[in-house]
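Order of writing sets the labels: A, B, C and D. Residues in every chain begin at 1.
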Amino acid sequence: MTTTIEAHLPVFVVIMPLFVAFILPTFARRIRLVEGLVTATTVLGFLGAGYLASLVLIRNGNPISYSLGGWPAPWGIQLSVGDLSCLFLLMVASVSLPVALFAADNMTHEVGGPQRATRFYVLYLLLGGAMAGMAVTSDLFNVFVLVEVATLSCCGLVSSSNQPRAAEAAFNYLILATLGSALILGGIGFLYMITGHLNMGFASQELNRVWQDYPHVVWMALSFLLVGFGVKSALFPLHVWLPDAHSAAPSPASAILSGLAVKGYAICLIKVLFNVFGIALIRDLSMHRILTLLGMIAIIAGSLFALTQDKLKRRLAFSTVAQVGYIFLGLGLANSMSLTGTLFHMASHAVIKSGLFLAAGAIIAATGKDRISEMAGVGKKMPITMAVFTICSVSLVGIPLFSGFIGKWNLLLGSLEAGNRLAQAVIILGSVLCAGYLFPIIRVAYFEPAPAADWQDPGLPQKTALILLAAWVMILGAVPGPFLELAKRAALDLLVVK
Amino acid sequence: MLLILLPIIPLLGIFALRGTRGKSINIPFAVSSVTLILGQHLLRDVLGGNPLTYRLPVSGPFVPTFQADAVSAIFVLLAAFLWWVVSIYSPEYMKQEGGTRRFEICTLLTLAAVLGVFVAGDLFTLLLFFELMTVTSFFWVVHRWNEEAIRAGYFYLFFSIAGGLLLALGIVLIGTATSSLPAVGAGPVTPLDSQAFSWGVAAIVAGFGIKAGMAPLHLWLPHAHSVAPTPASALLSGLLIKVGAYGLIRIGELVGWGLEFGHAATWLGPALTLLGTCTMLVGVLAALLQSDAKRLLAYHSVSQMGYIILGLGVGLSLGKAGGLGLLGSIYHVVNHALFKAALFLGVGVIYIRTGETNLYNLGGLWRSFPVTAVLMFLAVLGITGAPGLNGYASKTLLHHAVSEAAQTGLPLMVWAERLFLVVGVGTAASFAKLFYLTFLGKPAEIEISDGRSQRFHVSMALLALVMVGIGLQPKLFLEALAVPAAKALGMETAAATIADLSFWNASDVMGMVITLGLGIAVCWIGLTTGAFHWTPPRWLTLEGLRQIVLLGLGAVIRKGEGYYRSAMAFFSNIGSAITSRLLSACQRLDHSRDGTIGDITLAGISADAAILLVVLAVLILLYAYIELDLPSLRLPVSLPTWLRIPFHR
Amino acid sequence: MTDLVLALLSGAVGGILIGLMPRAGNRLRNIVALVFSAAGTIFSWRVAGAVFAGHTIRISGEIAGLAWSLQPDPLGAIFGLIVSTLWLFAGVYSFGYMAGEHKQRTYYTYFLLAFSVTLGVAFSGNLLALYLFYELLTFVTYPLVIHERSSEAMKAGAKYIVYSLSGAGAILIAIIVVYSWTGNLDFAGGPLLAAGGLRPGLGWVLALFVAGFGVKAAIMPLHRWLPAAMCAPTPVSALLHAVAVVYSGVYGILRVVYSVFGHELMGQLHLSDILPWVASFTILVGVIIATQQDVLKRRLAYHTVSQLSYILLGAFTLHPWGLAGAICHMISYSTLKVTLFFAAGVIAKRTGKVRVSEMSGVGWQLPRTMAAFGVASLGMIGMLPLNTFWSKYYLMRGSVAKGKWQLALVLITSGLINAFCFIPTVVAAFAGERGQLSLEKGSETSLMLAPMLLLAGIALLIGLWPGLVWPGVEAVVDWFF
Amino acid sequence: MRILLDKLLVNYPYFAAMILFIIGAFTVMTRSNLFKKLIGINIMESAIFLMFIAAGNIRGGAVPILDEANPQAVYINPLPSALMLTGIVVSVSVTAFALALIIRLYQSYGTTDARRIAELRKR
């Protein structure tokens, strides 16, 4: 029995949320049950991911391969759970659990009615399943399908709140994301034209053998994929949909979108870049320089944009743009340190940004104010929420002993190894700017006189969710052990020349 | 133990002062009596045998040590005596002036500091008491706390602070040059690094020179000495500037008294000679022009310090043969202390009764102040060097020394000798002026207040007594005290140089008489022609100098400040401009990215989609452009490597 | 070991305790603050005692994949001693000064937290821990800077944060480079980079370190936050902006020079010829600007800028004497400057006068305060009965011994300008009307007066008996040379 | 030029796909009507599908049904066509979702013109 579960675990973590999502609408009238199911699913997912991670850690880097339907590799769809997959799975699980907890308490209120709430949960689980799928799949077309599922769920999540603004943002997001999907599909098509394979491993072998015969096509494929995934993971200047979408969505949705969704696409891009093209080809095509440049621009520009925002959620959304820049910068530097940094930063940012968005959501829900300048006194009235917000901010800025620091530390080491002084400067400048846009919020909340209003911390489940996330941030910062280990191994794995 | 008691007893006096609040007990008198007795003991001990030393039992880089040899003993005794005399004088005087308690505290503290300087056994301890003396005597100068006093106090304090800093620098340099700091009274040193040693000596000479009123650094002196209450002036002029002389003597000891020209700072002797000559001249010329009695005396302090410095310089330059110069200087230190104190006290009596110190407003006062006039006359004779009084003795010694130096034919020494005579004439002239305008001449119409003057007379008489005593038996003091002192300093030949010296020879006496006569003649000429009313140009005075310095510094600082401000403003302007532009651009971009191509306006999502496609196109074109190898579009090579995109072909 | 932990914790625990007592009265709060700062002081004295006795106290561990350690060496112990002792004084002074002020709870909370963090800086055993505490210090002291909550205070706070964080960023880059070269950031095993010898980029790393720590050490172009931060309450200005915070920067530079580079390697860098001149520039320009200020606290602030560079100058001479001078100056300057600030605080509190030009006659109203001020100003010149003489002496000694006699001239000149800076204030305070001796706002209270006079007394005592602190200084010098 | 023309002639499905893609992109960009934008998206996707399927085509290839009589037969690659079926499904669902959103926008703003909506929202 255990061996069966163990054997099918890779597909289980993907299928389970999808399946639960499928059956959820039938319980739409009993919202408590729905919430319970969702929570149970996320807990199960978390356990599954944890178990998989422990397996992979024990197997010392050998990925667990799983062939869907028993079809062997070049023909069938192959799932492969390696270090990277485990890291991302854990990330998905650890973020989606608190977010589900948080949503359970206020979703009905926020989106207007249990029916809509159920729809939210359906999309939520779909997104979770798609993310898990992105983590484990090693088939190019599968990537496309999962990306589409995730995109549609994201759009749905954005539009789940009952405001016309949300619908508009969702539509814009949809248009751009579909454009992106089309480009991704095109890119995959080009790859297929060259290699005749959709399995990443085989495609990679073939590509490295024949790519010099088709340099144009390779380049087209790369461009298409970069732009396609770039627009989905909100790489500056393709981030244009993000601030609207993330600020219009309900807070749990924003949390999951900012925290996870963009990372999911980034993981796909990493897989395509490093597992299909391979580090040698990336270097040959100078792709890493372009990525570095884009990353640096994104860090600075995203931070500057964030600085100008007065709306709390928009500011956080732009902060995501900046942090995505870090991820791309790390990819571009393309050495083990920087990739470790990138992967770890991905994980820590997922947790941090979810925490920030959830705290922001709690604040907005309690005060009804979404502008930073109006938040005076929040620190006094909602101590726990604001404490979580502060912990997450400090971590994002990169104070030692918090999780953000480790990612940046490794990124800095990576940029040093790559001999890129400018990247170092940009990383540091990004941190300073990050402090520049996050600390004023804390300052206003704590150090400005509080108006006489009756605001208070949210209910117990939400508090639990917030505290859980803050604890995650602290744990990741203080004892990043397995996470860092996974990230390190994954980074080394990505750099292997196949 | 005796050594450490000397500075401590005056400090104990302060507690006594607290205890006797409201009672009329003259604590300073009691204290200085005790120190006088202790000083006598010290002198006896020192003359009897070896110098005394004492180290405080502490650890660390600073172990206060004390030492006393004959030189210290002479200075200690002199200080104790002057304080004793002045503390007889001052209670009566300060009753009119006000602030008696503050004055007494200052007096006691300064006594402690001065005695500390004289018994200090190492340079740090010396500096410690020197600085203390600066601070405590500052309160003498600003005793009145009016504008003039404060200004004079500033000058005094800043010059003294500069002096202290220079001393510190000198100690540093000497410490570096000799590896371990030489103790006071330990004789000449052989430096490892003679250049550093030279500079160190120079810094210390400048530091003590400021205190001693040496020529270019004397500017503070007339101001400070004239605004202080008269007893304080007497002590300032009589003793505190001698601390500078003491320091110079000690520095000479480091370099080496009586050493032939092999020592480390051969330049020191000639330099001191030059400075001494200048000091003499400047002081006396300025004194001639003064109308204020106290200022006149103060300038004379400068001038007389010039004698002392000159003597030291000559003594150092001549090496073994320089005994006369050193002896003369030590002798003159003592003599000048006596008659300058007497003169100040006399002027103080006039001031306290008439409220006037301007000479031109006084006149014919011998009728009202017969005793004072007589005592003042003795003091004037003393300072002008009239035979039979103490000034004659030391000036004769100094003159002998300078003449001996002039024999070497060095132009500096020759001119020093000539100017020595000129200064003698000037001194006589200015004191003739002082005495004539105050006590002789036509009676002035001023109100004279009543008061008891016995104490004034007693104190002045005590000084006069000693003056006359020395004047009549010049050799007695010389042999009893100055020669051992010189010996203690390493001038072994001192006794020999004066063995065949006779003060009462015709040429010296005649020379002095001629000098006096010339002086009176000059005085007459000056008074009748009004030459004494000539005011020097402003830039020659301290105020003028200060103004020049302040103007210059102010201009520099203001200019610098301007540059600083404009630089700061420039950077902050640029910074804020960039920031605001950037932020507003971001805001605009965030608000709307609408763009127009031809007559098609792309708005909202259309523009966003366009951005996406443009990025795609750029990426593709980037490759195409490399592929097609368009030379005109080649990126400049100077781009940093991370920007250059070399494509593999 | 326990002492170290307790020393670090007592401030933090006290601060949090006060933070959690919203309804406690002033008296209770003061007692808690006093107890915990006294505890911190006692424990850090014990730590320092152990360090000087030659024991090794070390707490190290691997957190987040990186090695962290706390291990006070003599330099850290001296810094800890200075900080903890002065904290006690400033605490007592605060009880007097803050009485009747608003937001006392916030004030004491962060005041005590800052104590912990500063001790953390002092006792940190590797670059990472130093960086962590250095960065935390910024955040912990920020609420103290903006205590007044006025727009000016807020602006100052923003300036402070921006400057400090940028500096911390520079430090982080430098740390990363050092880490990538050596793989080890611990101070315990001698200078980190010494083994590697000269290598390209060393100068840049040094420049980054100096610029980064130089922000808090207020090296001249980076000093601008310091005068702005003077809008904080006086005990904060006195302790944090004259001593603790700025010393953390100075301490960082000392660490970098002697524990990361080592004096031998430093001597081979071209930059080490320039750095003393950077410090000299700051010394002179800082004090000249100070003479131009009318607001007393600003004058003191610019003066702080100038004086901090004395310490740096000593560090940059790379000579045992110079280092001894720097350590001496750390000790002596802090006592005197705190005295000056305390006096300025008393004057502002009791007479409401903050400008030098208004101060005539203050001396007769507050004689003891002004006397303390006067003593401290004499000390700032470097006159002998005060302890600063010794630091100046050794600074000059070091620079002359290194053949850089011009630096000694800089110090002398600066001493003279210092005289121009403070003496007129003191004299003017006694110059005015002597009549009105009564004050509307009460007179000098003993809570404010006692720390001030005691500190002046300590300064005098050390000046007369430098042997009191000399073993510590010697230990530091022996440690690094 | 000749080579270019040759390439054009040989690879005409790709060029058709490219032209379709450009038309689609242009529509998305320039039309402010939401429906037209959606149609533009659909055209673009069709272009990609076309390209993908063309990649699987082999000139003269047989239908990919195993013909045991003719073991040497060259078959068209069936995989792209199969995949594009999935792609079309995805595209249909996207279209459906977008239409739903358009309806909601219409309900809220009373128009399907993007520019009008933007104006209305700003107001």
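Everything that follows uses one rule, which is that a contact is a pair of C-beta atoms (placed from the backbone, for glycine too) under 8 Å apart; a residue touches a chain by one contact, two chains touch by 3 or more.
Predicted model only: the values in this text are computed from it and were never measured.
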Identity of the most central chain, Cα criterion: C
Whole-Å separation of chain centres (CA-atom averages), subunit A against subunit C: 44
Computed distance of Cα centres, subunit D from subunit A, in Å: 28
Rounded Å distance between subunit C and subunit D, as computed from the means of their C-alpha atoms: 69
Inter-centroid spacing, subunit B versus subunit A (mean Cα positions, whole Å): 77
Two or more partner chains touched - positions in subunit C: none
Multi-chain contact residues (two or more partners), subunit D: 25, 28, 37
Overlap residues in subunit B, where contacts from two or more other chains coincide: 604-605, 609, 613
Set of all touching chain pairs, with the criterion as stated earlier: A-B, A-C, A-D, B-C, B-D
Subunit B-touching residues of subunit A, taken from the complex the two chains share: 171-172, 175-176, 179-180, 183, 215-216, 219-220, 222-224, 226-227, 230-231, 237-238, 240-241, 243, 284-286, 289-290, 292-293, 301, 304-305, 307-309, 318, 420, 422-423
Touch list for subunit B against partner subunit D, complex: 600, 602-606, 609-610, 613
Of subunit D, residues touching subunit B in the complex: 25, 28-32, 37, 114-115, 118
Residue numbers on subunit B that touch subunit C, as the complex places them: 58-64, 124, 127-128, 130-132, 134-135, 142, 145, 150, 153-154, 157-158, 161-162, 164-166, 168-169, 171-173, 175-176, 196, 199, 557, 560-561, 564, 568
Subunit C residues within the subunit B interface of the complex: 224, 285, 288-289, 292, 378, 381-385, 389-390, 392-393, 396-397, 400-401, 405, 408-409, 412, 415-416, 419-420, 423-424, 427, 430-431, 434, 464-468, 470
